């Protein structure tokens, strides 16, 4: 807990120049290029001596007062003409040394004081351009992206977008639970999910509609049969059946029904999922803690190319909360890139960007068009 | 805690017919129109007698076995030929009575058993069409929508979309804190927010950039002056200055700087905000608990039209978590319509829908065009 | 969207007295018993006329100025001697009428303006006294409380408390998944959960320890056998085996192993759980969305006593986030009482309160002692 | 994105022995000390050659089949007598090399594959023993712990516990906003917070009670005056006044009232807070994003002892969600130790542990007793 002082006899620190001080141009205004402080132990070289400023805090400046006293001061408190340290180097080379090592470690593995260092945060920008490019590239090279989705996807009206990805060759296999298919099929037959309409209204008697939908598919014998008989007319499962995209529906203890296609035995279900994860070249995990972690358990962090070289297996994990993404990483799927947003909005924007990427490729001549073509 | 039995001598219940039973068409399949159970006390009229089924649960059917025993059974457990109650009325009129009153109250104010009853949930669909229509209509009638935003809006790259709303007449006034303007201005000057680039990378020495940006505006004297001097070249604050959209920046205890436009005294700041809330005809609150609740405190739940009639004041509250929206309601802003999503994605899709609405209006002839025109 | 005006010809409103006004005793201070405003349409009877104040907002007072103008004013803005409306009735009977009906409905089912109306919130107090009393009462009358738990319970060191509840007769049956038992057994054998020690450190090679623990139980043949062979020495599963408390471990798609006791087939697993839910007289659902909703699906909202009377089935649902509790309610388990906290802390305090309740009963003479005794 | 292969010519890998294989003792059971796999590129030395197993995944074992093929297999799929690699070293020294460097970096700064690596998680145990020891030690050496709290603390009934810490010398200064004091004083006068009783019921007319409480204190002139006049009889503010513990109440844009002690000007308020942060030797931040980040901004990450040595400034941050703690760290307060739980429960257990620590010290003889004494 005690923090050892820096080694001021080290050559870099010994050779360091004095810090330069410049007058504040006005009350409440620092000079250009003022040194912005951190909350770490900070040493300023004044007349060849390393000194610590008083009243340390982050986001201040270093002020040398008339009496030669050194302070950390907020910009609003600086007075015109006061001397303020300038520079931005924190390694002593401009006369200010920030002692990061006791906090962040030393050497290559160590780190600087910085903001926004957390891995997963709703405050981080979402790079839809990059995700769209990866998806388009995977399709172009005949990759096998597995999509793993939770029911929120259907529940909140992203059905159309997911169906579009299935129909347009971006889905190698769909791995999900009973509920995804149940909500999707209820939506196709009754226009509701759990009795809630597309605009969020509760339908009269709506609580029974998912049970009626399940019952109709059980009567038909399978989802494919229900599609053939015209019971299921659109949506995600319809798209899978029509486009021959394989799907695995695995059971869970909370399932209603279940649908006839659901694999109820968990050992058989894991084997069925794994038949796809061993082929996966990319993974998109949306709004499901259970299935995302199940997939993460089975998924290598890398893809082995035909020539034996390895590359990272791009893994996107989308959830409304940081918790699910962090939990996935905490269960070992460290390579997951987290997107903290609503599944419905994610699907909508991702599709938009993929469509743009395809249009762009088409309009850029034969080479890219090839990439965009299936 | 004791639940009084229903009053079976009431005329409706006395007059109710026996429940109808139909044979299950196959193992694991209920007949069409089977009665789906709830978890509430349920009474089935069999030979003139109201009886409770054994082993109650939701999402089952009502099965009458060979021995005349009545059960709640999961669909997968029903056998071909077993008798299953049909119907969907829960008020006894088809021979099944679900006793909701002890749980949900009676009369108009009472309620049915239903799913998805919570007011705020990420699982609810987001009605962008409706929100876009309201915004376009407000602009058409010269309304005064106030936008209240938190820094996440800027932090996660929705700057362009927010600037678009400002520039295109959808913003009556912008109410925010120091951080929104600081991030926006750092983005204009350095291309980062808190030192993080648009794609989420951490810039070298980035932790000081927001302080440098603040210092430049303090040196210029005001945001408007910094715009005029070409220091601030784009973004939200730039759009406000250029389009003469009023903004109020209110201070907070965690402010860096602050920027010269920030009102540091909270009583004066509340007065400044209230000068806008008394004119407001709509409110859009995005990614800010502090400012959303501050605004909610000052905002009537209704608009008084010039002719004295009243209408509800449309209030949209967007946040990544249900908590902020619920808290706003818990502080009395009951009229708020909650949208649980990422602020960046919300802005992007809302703009898309508003643009569609405008295109639609333009292409639908003069009447709507007028509405779409400013 | 238009709000119809109140019916001022209704007898109550016609007969209502004028509002009483009292002078403010000092600058910035309202008179005692001032009328606190809401954000709803408000009508004040002045000289026999119902009038609306200007600049409505909540948390203000009603000020009648020198010119006879009526305003809503913040307390800090009121001046000594200004006339302020007093009273608290909002139905007009003291001269102020708040028009709640267009917002909250009319009659018994309608509501007042109020704060903290949301059903589930971390801001609500947690009534440990009541929960402890219910648990003690259930044990005293030979009830059958089912406990349904997620792995967070074990992961974060509440093992000892859960074991205590099992050993002391408060658990009719334990319903959980593979992970609860895996973490509990890893903790017994290696002192870690997923390789993390009791103080949160990551053990060297820790990621394999849960697999080694599973393998040892698989080699033993069952959890009970592993207890008998001394492999499992303490913890939750140990307590269940030793105290003959039945448990059901149901499989899931993300299971490692699984342990030999886990029921892998979901239909059989649901049947096994339901054998307990039909006997349940109370339910405690802790830190598990999957199993809580599974249980909610199967659980009636009521208990049928031996004499045929019904009472509500007390259902406590504990989770770190409002979302899981709201989701459980959204899936129909409306009777659930939500507690938003960390599972570890919940268990610790609940045990403390139950112990106090037992001590209290013991020290209060034979009658209560009987209740406290098993 | 391409992963370079390991350097198998490096001396350690060249010198590595073959992996040892042992027969599985039964179907579905690995041998003792089997090697548990990760999702990273893994190389197994067989007959002097480094080979990659097929179908990689985490949580499996390495199986060498009859044909000399190497597989990753789940334990449940292994057959009695199959050869399984044993060992736990991942650096090749036992014949298995896990290539972590492309994923986690190399050298001291690099890392192993591990679970539970995220910094802030509700799944991490909360070390109350350690926190209690730090608090007791700070009191013993005359430290200056600052407590920074949000209103949830009062709202959810932890008032008594917080008052206890104030009264018993564990609080150097209390830094909070208007709402903490308002709720606390409403609770003292009316027994409610925002009109909600201690058991969570909504009091009739409750929405005005906080305004009435504020008005009474405004009439009295200050919180201290209201305590002296017997208006405020108990609670946190009462304890501060009676025990001469300094408090700073800083204004915010959402304040009702405010109370007369609140500093409305943010620059003055920051100065007032900083007068305490420069003296702080510890910080406890509970259930407040705004004030926690404000404090973090002003707080050095270290304490300067009288003799000039430095030690880390212990910083505990408690919140219901990971987000606030992560945000605090993302704003530079990297040293914060996060506790994800409900504020009410945190306070209750922390007090319990501090009381235990004190009892323990008292009963352990003079030396510790001194520490426990004030």
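Just so it is clear, A, B, C and D label the chains in written order, and each chain counts residues from 1 on its own.
Convention: a contact is a pair of C-beta atoms (placed from the backbone, for glycine too) under 8 Å apart; a residue touches a chain by one contact, two chains touch by 3 or more.
Since the structure is predicted, the reported quantities are computational estimates derived from the model, not experimental observations.
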Is the number of contacting C-beta pairs greater for A-D or for B-D?
-> A-D
Geometric centre distance via CA averages, subunit D-subunit A, whole Å = 23
Calculate how many whole Å lie between the centre of subunit B and the centre of subunit D, each centre taken as the average of the chain's C-alpha atoms.
-> 31
Residues of subunit A that touch two or more other chains: which are they?
-> 38, 58-59, 76, 113-117, 122-123, 194, 207, 256, 258, 267, 270, 297, 321, 323, 330-332
For the protein chains shown, what form does their contact graph take: line, ring, star, complete or other?
-> complete
Across the complex, what residues on subunit D touch subunit A?
-> 1-3, 5, 38-41, 52, 55-59, 74, 76, 102-110, 113-123, 267, 270, 274, 277-278, 296-302, 304, 309-312, 322-323, 326-327, 329-335
Can you name the residues of subunit C that touch subunit A in the complex?
-> 177, 194, 207, 250-256, 258, 264-267, 269-270, 273, 289-291, 293-294, 297, 321, 323, 330-332
Any idea which subunit B residues touch subunit A in the complex?
-> 25-26, 28-30, 32-36, 38, 58-59, 75-76, 88, 90, 113-117, 122-127, 130, 152, 155-157, 194-196, 198-200, 202, 205-208, 211-212, 214-215, 218-219, 256-258, 320-321, 340-342, 344-346, 348-349, 352
